[in-house]
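Letters A, B, C and D mark the chains as written, and numbering starts fresh at 1 in each.
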Amino acid sequence: MARLSSAIPVAVLVFIIYILFTGSATLYDIITGVIVSVACGVLFGEFVVRNPSKCFDPRRWFWTIAYFLKYMTVIEARAHLDVIKRILTMDIRPGIVKVPIDVKNDYSRILVAHSITNTPGTVTVDMDDNYIYVNWINVVTEKPKEARKRISEEFEKFAEKIFE
Amino acid sequence: MIEMFLWALVLVSLMATLVISIYGIVIRPSLIKKLIALTILTDSANLLAIMIGYRLIYPVIPPVLPQRTQEGLSKFIASSVDPLPQALVITAVVIGMAVNVLIAFAIIQIYRICGTTDVRKIAEVMKDGKT
Amino acid sequence: MKRGHIIALGVFIALILLVSLGITFVGKVPMTTDVRPLGLFYLKNSYFGNYAARSPEVVTSILWDYRGLDTLFETGVFFLAIISALALFRIEKKEEKVKEKGEGFTFIVKDTVRIISVLIVAVSAAIALHGHLTPGGGFQGGSALAVVPLLIIVAFSKYALEGRGLTKDTAMIVRSIGLISIIILVLIPLAAGGYLMQNLPVFPSHILGQLTSGSLVFYNLFEYIAVGAGFTAVFLLLSIPEKVFHKIIGGEKE
Amino acid sequence: MISEALMYIGGILVIIGGICDFFGALGLLRFPHFYVRLHAATVGTIGGAVVPLIGAAILALGCDFLGWIRYPIAGMSFITAILILIVSPTATHALAFAAHRSKAIEWKEKVCDHLEGVKR
């Protein structure tokens, strides 16, 4: 039963991806999409989803889309301009700082780590229970609290709303 | 005029990539670097073949029928690119991939036996009479 | 980056610009605005016409219908390459499981691979099953599918894959099933009184009112299975630990 | 009108992608060692691959003469962009993690390294 309930969200996800990738919704697409999504759900369901009830909450989806839009427009543009400026001026102070992290869920921690890596200028090197170790191109401060304010505070707010 | 210049620029850059990759195949001593240069050579040759089938008109569309009606067909013929080079290039890509797989396996086996992928050192190792 | 490199790069770019300027002003640039007659034939006859393959995607209809034998033998070349790789890497003894210390990558990599493998399977199936409608096809979809075992090998280990039953032998069996199905599809028109690799009157162009373009969709499906399984076998061979080979070859130590 | 606006937005995004690619390549050449080069590579993947792919999706939606093919093209570009957005940070993280664990790279003029003494 647990296997079935975790297979349904995966199948829905695969079906959405399939239809989006195909770009049309005729009968042929729907039939093949249902076959592929059921197969994927049965094969991969128990590996991917651990808490199926969270998947169908519209508020989480709303926050996901809001986060995507804000991330792609504001945060990325700021970080890109900063790193391009550093490429031209060679003004670098690299180092690895440790940043405390509060969220506990696995997927929200992955979201925070990926957001940090995806902004140019910061790369997640390692992660243990309480700290992320971030390779930072411009080490302004070595104190963990201030580094958290500069690097990961915004990501954690959204991650808490999406996955916790 | 500017279109012609851009088109010439694309073609000349592709030719330059071909020349650079041939240089890499001949000069670089490492077998891995030779393989990388070979893949660059195949890819730019394929791109050149696709470029020959391109049409310099506007609008130009990929060779997929936009509407399944007779008027759609006449519009399609008026603005579609040549499909034949693309079909030939798919065959070339698959065969190039097969050749690359085989060469990569051979290089790994050479490295296991000789302990190096440098061409000059492979000759020395073989001359020393290990086998 | 040294000063000499910058100068060489600048000279090279300037040379390319100059040559293309010269070609523009002096000589003629080969600019085509028409389709060649053979291409025109394929464009006209891919969906309408007497020699049609009933596929809106012209490249796929050339690949699996007009120039079908080419593609068939190209599949054969790929199969031979994998067979020769197997022969090069053959291990006669049953290989032992090498136990390594350490815990591998962090959970970030492992959980992301779990999510991404599902998405890649969906995308590759979409590429392969719509080969007769949009750009794509069996080979492209199969290559995309083979990324999944590669990612699993890198993130977890080879034994995570083999423990669930996907060994080299299973992959080769699946691959052979795909190839045998392709051969049967090639031979069916002969039994129905046509010629080799005939498409349309033998196979139906619509199934349940949906366009399937005769045999193209089946060829794409089986090519997808065969290429995915073949690449899986290659990746499983490449990921055999070096220690096993050193033991067998008995050559250089470490 | 709307389709022209979509075409221009998509074209601008593609041009931004080209500029980001150029600066990423320049950074890969100019930066002194591996850990700093990773940041330049991130400029190349996010600004140079994800943004132009989204731009290509918008551009394809604006091209009316493509008929029904524009929806598959847009969908393919968008899904590929999402996949790269998930995959590329994983790869960068794996590279950085492996390089730090194996101590393969000499790193002299660093400001601080809090991970050095941490035992796992």
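To be clear about the criterion, a residue touches a chain if its C-beta (ideal position, glycine included) is under 8 Å from a C-beta of that chain, and two chains touch if they have at least 3 such contacts.
Predicted, not measured: the structure shown is a model, and the values here were computed from it.
> Which neighbours does chain A have in common with chain C?
D
> Count the C-beta contact pairs for A-D and for B-D, then tell me which is higher.
A-D
> Can you give the whole-Å distance between the Cα centres of chain B and chain C?
The mean C-alpha positions of chain B and chain C differ by 16 Å.
> Suppose each chain is reduced to the average of its Cα coordinates; what separation in Å results between chain C and chain D?
Chain centres of chain C and chain D, defined by C-alpha means, are spaced 25 Å apart.
> So which bits of chain B are touching at least two other chains?
62, 64-65
> I need the residues of chain C touching at least two other chains; which ones are they?
106, 108, 112, 115, 119, 123, 130, 133-134
> Touching two or more other chains, which residues of chain D qualify?
30, 68-69, 72, 76, 79, 86, 90, 93, 97, 120 - these are the residues of chain D that touch more than one other chain.
> Which chains touch which?
A-C, A-D, B-C, B-D, C-D
> Note which residues of chain C are touching chain A in the complex, please.
Residues 106-108, 111-112, 114-115, 117-119, 121-123, 125-127, 129-130, 134, 208-212.
> Spell out the part of chain B that touches chain D in their complex, as residue ranges.
Per the stated touch rule, the residues are 59, 61-62, 64-67, 72, 79.
> Using the touch definition from the top, list the residues of chain B that touch chain C in their complex.
1, 4-5, 7-9, 11-13, 16, 52-57, 62-65, 68, 70, 73, 76-77, 80-84, 86-87, 90-91, 94-95, 97-99, 101-102, 105-106, 108-109, 112-115
> Which stretch or stretches of chain C touch chain D in the complex?
1, 5, 103, 105-106, 108-109, 112-113, 115-116, 119-120, 123, 130, 133-134
> Taking the touch rule as given, give the residues of chain C at its contact with chain B in the complex, in rising order.
12, 16-17, 19-21, 23-24, 29-36, 38-40, 42-44, 46-48, 56-59, 62-63, 67, 70-71, 74-75, 77-78, 80-82, 84-85, 88-89, 133-135, 137, 139, 234, 237-238, 242, 245-246, 249, 251-252
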